[in-house]
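Two complexes are shown next, each including chain A; its partner changes from chain B in the first to chain C in the second.
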Partner chain A sequence: MNQLGGFPLLTLIVAVPVLGAAIVLFLRPARGDTLRWLAVLVASADFFISLFLYMGWVPDLSGTVQFQDGPWPWIPSLGIQHHLAIDGVNVHLVGLTTLLAPLVLLAAWPHSTSTGRATAFWVLILEASTLGALTTRDLACFALFWLTALVSAFLLAGLTGYPSGAAAHYIAAMAIAAVLMLACLVYLSGVRPGLDIPNLSTNPLPWQTQAWLFWAMTLAMGITSALCPFHLWYIDTQRHASPPARVLISVMLLNIGCCGLIRFCLPAFPLAVTRFAPALVLLSTIGLAYAAVRALGQRTFPSALAYWNVAQMNLALIGIFSLQNLGLHGATFLIVGRALSTAILLLVGPTQDEQQRVPSHGANPHGNAGRLVLLLGFLSALAIPGSVEFIAQSTLVLGMMRWRWQPDNPGAPSAVWDWLWYALFAFGLLVSAWTLLRSYSHSLPSTSRPGTRRQALLTVPLLLVTLLAGVRPSVFSDMIGPTVHRLLGEIMSGLETDLRQKAPPASSPEEMPSPPSDQPDTTQWLPAHGHPPMASASITVLGPEYVISCPARTWIAPLLLGVCPS
Partner chain B sequence: MFGYFEWLLLAFPLSGACINAFLGRRLTRRAQLWVAMGALSSSLFILIPLLASQVLRPGIVGRPQAIPWFRVWSGERFLQGPLALRIDALSVFAASATVAGGLVLVTYAARHLPSTTPRHIVLAALDAVLTALLLVVLADNPMCLLLGWALSGWCMHGLARTLQASFPPSAQADGSLQTASPPIALIAPRMISMTSDLSLLFALGFLATVSPSWSVDTAPALARFTAPGVSAPRELWAAALLLLLASLIRVGQRSACARFLGGESSAADALVYALSSGFPGVYLIVRGSPLVTLTFLGRLSGLLSRSSGSALPWWWFGLGSGIIVLGYGLARRLFSSLNAARRPAWATRVARRWDPVRSSRRYLAQPLVHAGEVLARSVGVDWVQRTRKALSSLLHGAAPADDEPLHLTLCFLLLGTVLVLAYLLLR
Partner chain C sequence: MPGAHLDCAAPLGGVSIVTARLSALAQPASVPLLALLACAVCVLLLDLGRAPRRLMAALSLTGLIIAAAMAVIVVTSGQGGSIQGIMSLDGSSALFVLFFCGVGAACLLTEQGMPAALGMRDASGYALLLLAASGSTIVAQSNHWMPTIIGMAVLHVSLAALIGSQSAWLYVLVQGLSQALTLFGAVLLYGATGTMQTGGLLDVLARSVPQGTANSLAVLGTGLVIAGVCTSMVIAPFHIWLRRACRHAWVPAGPMLSLALPATAVAALAHVRHTWTAASDLLALLGSMSVILGYVDALRSRSLPGALAGVTIAQSGCLLLAWVAAPDSGWVPPFYLMGSSGLAIVSLWALAASVQSEANREPAVDDLAGLGQRRPWLGAAATLSLLSIAALPPLAGSIALLAFLRSAAAAYSGAVGMVLAGVGVAWLLTGRWTWTMWMRPPTDRQWARTTPELLLLAVLSAGGLVLAGICAEMLMRWIAGLSAIV
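After this line comes the complex of A and B, so read on.
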């Protein structure tokens, strides 16, 4: 572990934007430009500090955290600690967040003439809370940072005025998510000595408890990630907020949701994860196809892009719950690539008002710089070879294909569902691409607005990162790989622990009794006894890879269990 | 250092594309052409000794150094997906055909594009397409193949857009560009190309679920399914179907391309189609022939052998001859399309000697299997078997197995294409 001699680097990264926001708050409002420059300076400083995470990264195949602050007790009576850590997955999300904040502040300049101070303040608060949520290993701290991010994003988006319907959607969705998350927290704090990841992942909870908590947390994170069908708040926000707020919500809030799923849900509820993964993948595939079709029907660029983002988040969820090395790699790349493409397109693409003002095929194009960046942004989102999205989609699809829905059962009636799933998945991917092509052909002849060249220049760092990750993905996958492998190992060890707790001490594997009928048959999840049974969900170890096989006829049961696990 | 020598095959056309794209505006027209032609000629110069070595001693001649690209840590080792080239008879043969065809097309483009065309951009796009095609035919692993496949589709799209923008409306045969909606014209070919990319990706995914091998040569990995009594699993059928779908979609892109470019018979349409759609589609089938043979052609062979007994080689030879005749007819039609819009001198001479329309009608009207059978009977079965053995030893360095008739037919097709191109070049 790289501790940098005990220097609290991660705490500094989270604290710098908070300090910047405090200074912005207490400066006189008359100094508008000073305020903005100060905010940009603070955000840029935070970005340069976060570069130490990459510079100090030590290649380590064990997958342990590389940088860690704490654990330091914060509220000892509740077992809450200040514990920040960086691993191979969240390091890229942290880098992306710190890179984006100064760019968005610069891009917000023309949009925030009257609200400059408030914009700078809320952007910095949102950045700090996002960084905290991405790095913390304590579930209570995560919830605190997450709620702060939700509130600050709401206020940031509302600076330009919220239609009442959109505000109601946002508040309702986030209230539901917050209630679910708080319910999880309250329950877990009662049964666990601490709420950090190691405490959550050791000694798994009983199956029924895991199922309830898993669905509660997944729903909370799904709402935050704007997964279909919990995406209406996001669509409304994207329709009505200013471009900088759109960028930050699309990148930061959605990333927090995914990060929560990967870092907390997967290791904390291994039984429920492996049991409900097929159902979640199926639901996500339906959501992918639905969001892609809805995106095709949108008339304005921000709406189409918002639905495309919903489709991409569903795709990322498919990768996450494939519980495969390749699938999780693909999901991580997809989260980063989607965020980069969305930021580029939102910064240089036409706003809603512009597209409504100007006919689709008018002859008043962007400047050359704006057109070029817009083209590159679309190419990146369309997964052209050499972009991070190409790597993401390829690895994600290959990971999914290794998830053998139907291992060796030719002629079974479930084969039809198998092929239907593949068809739906491919349909969703193709329609998503269609949406982007259509949006590009409609948005290119849009109006030229002042500052397009400046916006285009701001996106150059994002394009460079996209290109780097696409041309040399091994730089990133070498960091992601060990963490992902360790995560999958934690899920497996959770299953094994559960099995050991249930088994009588003296019994041999052959005499192992069946578990009670209201619990999943975890005896079949162990790799030790030759071929896995074909009639139920099973985990086998194929070489170094974990392969979860689940015949398609067992899809319905997890779906029903998801509604009523008892 | 010498481990990377074969990478020059791709580096030369790529550098030609970059020079023309970024510096081409400052070069004279002749210099632009020299850059494009020089890049391709350099690749051909490297290919000639490789081709000779394959003729003298077929097989894999060493492995060029792989470039690390993507890898996944699996707990014990890295699962590699590097950029790696495969130098065997088929790839060298196909790469030679690609570069030779590219030289013809660059020459054509340089001579007959309208003066309003930004020639350096067209030449750069052509070189980029050829680089992507070389990556397809020289790919050693599926990831590399997928990269080249998708890249060639994108480069084709870029080339088509350049040509669409540069051709004056009068050069487009039916003027449909003016009436068709530009967004539709932009989206349709790209969507078709992406469907092909996705089909290939899914095919590789299905293949990976069955075979642990990470190579484009699927024959060794599929050997365990060729034993008697062992049937191919369903994933292999899906992979073969999707592979065929990917190649057929790419080959069948002509109508979309024509619609995109605004005319069924414009020179640009034929140019783009011949270069970037037909060839990779055929190559993919040839490269994936062990898979296709194991699934579809295995069944077809069984069917034919049950119906005709010992005449199976005759059937295959008939089918192969038919495909050659059909391919020849289509190639003639393609050249006639080229000539209809803007006919170069050599094409005029060819067209005068062979009336393409009459020839293709005649060839297409004849029953193909019948023609093949007549041909086979006239030359005798022994000659067929000898030719098959010779070709197979040339391509694989070993005697042919009974289940690789597709190699034979498609190699005939490729050989015929190269001979026609060589003839046209020499004249």
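After this line comes the complex of A and C, so read on.
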């Protein structure tokens, strides 16, 4: 639906930074300050326009997408159309992106004396492409915006020079991701009338096809989200890139990856999602633990924070592929919370060079604004009550406590696996928290560097959003909830459609045939009455089943974190 | 020899047919060819009178523009058609003529943008350029083996003279072999079908050979033609010569070598792809192999023209696969691909011409270091061209790739997979060059002045890639409408 009577608000939000970038490009380089102010003005205007998304948001329990632009055919012969819309998950990512762009432009001021025009241009292009990727409903357009974001982030990161090794990692990651996405596009454009989400999610593809398409797209998005073991490019970027690039890559690129997974992978390939979700949860848990341990071994703040981000992204993936309301809720909060904490810490925290110049345990008598903001940033990242990270991690952990390895197989040693998995999961979370504490003590001495006060002031809006989401999570979860319900409903309807296609037309539910052995048994999710089993299945969908009846062991991880789930 | 009794006089009188029917050339369908030849003659006459070089360049450019415009006008006004059964001007051949004239114009602009010391040594070069375009036009319009082979010969001789002494011998040697293979294959096909006409080759084969049996003579003939044409088209494994030829070639002739040659070969190959049922599979395999090998070659190369040779090989592979898959999806994807790769490669050759500052020094990829700081517009144009090759939407290269791979995916899934792997290597190439241009500090070497002509060519080509991508649907419809005119 479009509550503005067809006014293309989302198109405007995407177009404003592009227009700003075009003006910056053609402005004379001598006008350095004018140029920077113009870029900040454009980015701020975009932020204020994006506020209309919140102001005009219609509380809708069905989770229908809102502010819909299109679909308008672009290349009909290839099934590509311009179709923008947002749901309760993406609206927050859009808001975060538009909020961050002007702050980063202001923060980049001292770093971009010689590259002012290029910095402004690429920041605006990156913002526009991120907004496009977050709002588009067409897979081809998503690929367009996503790849543009990757390329512009690469060029932004290299403005102040980029070592060949780091560049090679980035380029290799970009190449693999691009090819995987292109393979999906080529196949899907051949078998689907259109490449937008409704066309992709109706009439699920055969199981084998779904499997390889799912893995291709998940890998492409996993690389973009810097999931372990595809995180090397991200670590290198955080070590060597210019400061604005570090913030924007950490927030925008990683968010695009998660958005792609939630928005396109889940509804388009329901059979593959349900089949491979446990494997992905296991891989992500291993990735979480590995990244947390690696973060502990880092000597510089940017590297440690980069590994912490990798761990957090793995945690978000666990929530996404838990395929549960709480898990997806938590993942969404985590994506937003992680982005906010990372932006605060990167804006105020020391860079690689600064930390090398300042002794780790030197005296720092200045109780300045930078120190305070750094402390608040770390506390937020540590998920103290009152921060968005707290809501994210507690929701996600609680959601995961309902998750079982083999829910409908009584013979399987599920308890052992559950315990092992919980142990690994809790280990990853604990080590992540430890890493943050260690990083804080090491980075504190360099917070009194010149310009920290100004940077600290810039983070105030981010801190306010963190606090708002932590204290009043219902503001956000009321928007997220229906979308998550709808998403899981789409997965379920995909499974049901597949089941109907397999079943003979006249058969009764009791005579429903079992699928061939080489295909996933989707019937396990669906009892005879056609609704998912609420108590034991991995997918607990649709309906107000927020009442949590978990055994004692599910309290362990929250307790270890110092979090009270009640 | 089955079917040999059908038209025994045809092969013996092949040349005489062409000479005896010269009077038939005075038809609307032959106007593009005549315009090119007339301009070439005028340029030669002006050269005798020591006219200014700029005038000859302008005259050549005018000839190319007239030929292209006339081809489209004649076809759209319905005045095209057959020239005594050996040549014709239909929608497809008009698109080819448009492409060849565009490539010729790009060569002219590149030459005009080079420093005087690196420009054309002899004004007759303009005539050679027009002759090369004429040769390609003859092949595109031919319906008969003789004009096809004559057109190829005109193109090769002109190009050999254009690219310069150091690599001309290699070029002549390779293309001589290619011509011999093509001619011998055509003779064998004549033996199998009894006709030198290429239009109805499939029908004749179907009539003369019982259903389901293989005609060994036709298979051998087709195989030889494919080998010969693939050599011209720089398709793997017949591609090794191009790198050396490009490295030593005169840079302004580069677009002709990279674009006109493969496109002309494709036009020739279109005659035989139905005469052997396994030919399509073989061609798809060769095309996809070329994509990977070409991009790997480009990635490894330190020489700029050498890398462009690799890109040419890869793009030729894509073009071949698009052509093979065309009957399932119409002729739009191959023509669109031809245009998009043409724009990208022209832009990259303009970059190579800008970097070259000395006559005997080969431009290297390392010379691009710091280009983004020194020549931002040129760097941006080159980056866009590379990104188009790497299929970044919405640049024309990505739309072309999506269009032809989509149609080829069902029948040639293995080949499509190999092309996608090749695109991955293209991303690596793009990343490497982009990093060199924008992130490496500038080298100390003296840069040649980037002339307005080269900058215009590079920026126009890159802008064309963006526009062609955004307006892809409109362009595709126009191509579909024009190519449907028979």
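Methods note: the second predicted complex is superposed on the first by the 511 of 566 C-alpha atoms of A that agree within 3 Å, B and C clash if a C-alpha of one lies under 4 Å from a C-alpha of the other, contacts with A are read in each partner's own complex, and residues count from 1 in each chain.
The definition used in the following text is that a contact is a pair of C-beta atoms (placed from the backbone, for glycine too) under 8 Å apart; a residue touches a chain by one contact, two chains touch by 3 or more.
These numbers come from a predicted model, not from an experiment.
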Combined model on chain A: chain C and chain B, fit or clash: fit
Contacts of A:R299 with chain B and chain C, given as first, second, both or neither: neither
Chain B versus chain C as contact partner of A:G481, first or second or both or neither: first
Touching partner for A:S441 - first (chain B), second (chain C), both, neither: first
First (chain B), second (chain C), both or neither touched by A:L61: first
Which of chain B and chain C A:T148 touches, first, second, both or neither: second
Partner chain in contact with A:A140 - chain B first, chain C second, else both or neither: second
First, second, both or neither for A:L430, with chain B first and chain C second: first
More chain A residues in contact - chain B or chain C: B
Where chain B and chain C come nearest after superposition, their Cα distance in Å: 38
Intersection of the chain A residues that touch chain B with those that touch chain C: none
Chain C contact footprint on chain A (complex, rising order): 73-78, 140-141, 143-144, 147-148, 151, 154-155, 158, 161-162, 164, 167-168, 170-172, 174-176, 178-179, 182-183, 185-187, 189-190
Complex contact set, residues of chain B against chain A: 68-79, 143, 146-147, 150-151, 154, 182-183, 186-187, 190-191, 194-195, 198, 201-202, 204-206, 208-209, 212, 233-234
Chain A residues touching chain B - in the complex, by the definition given at the top: 61, 325-326, 329, 361, 379, 382, 384-386, 390-391, 393-395, 397-398, 400-402, 404, 406, 408, 410, 415, 422, 426, 429-430, 433-434, 437-438, 440-442, 472-474, 477-478, 481-482, 484-485, 489, 543-545
Chain C residues touching chain A - in the complex, by the definition given at the top: 332, 387, 390-394, 399, 401-403, 405-407, 409-410, 416-417, 420-421, 423-425, 427-428, 430-432, 434-435, 438-439, 441, 472-473, 476
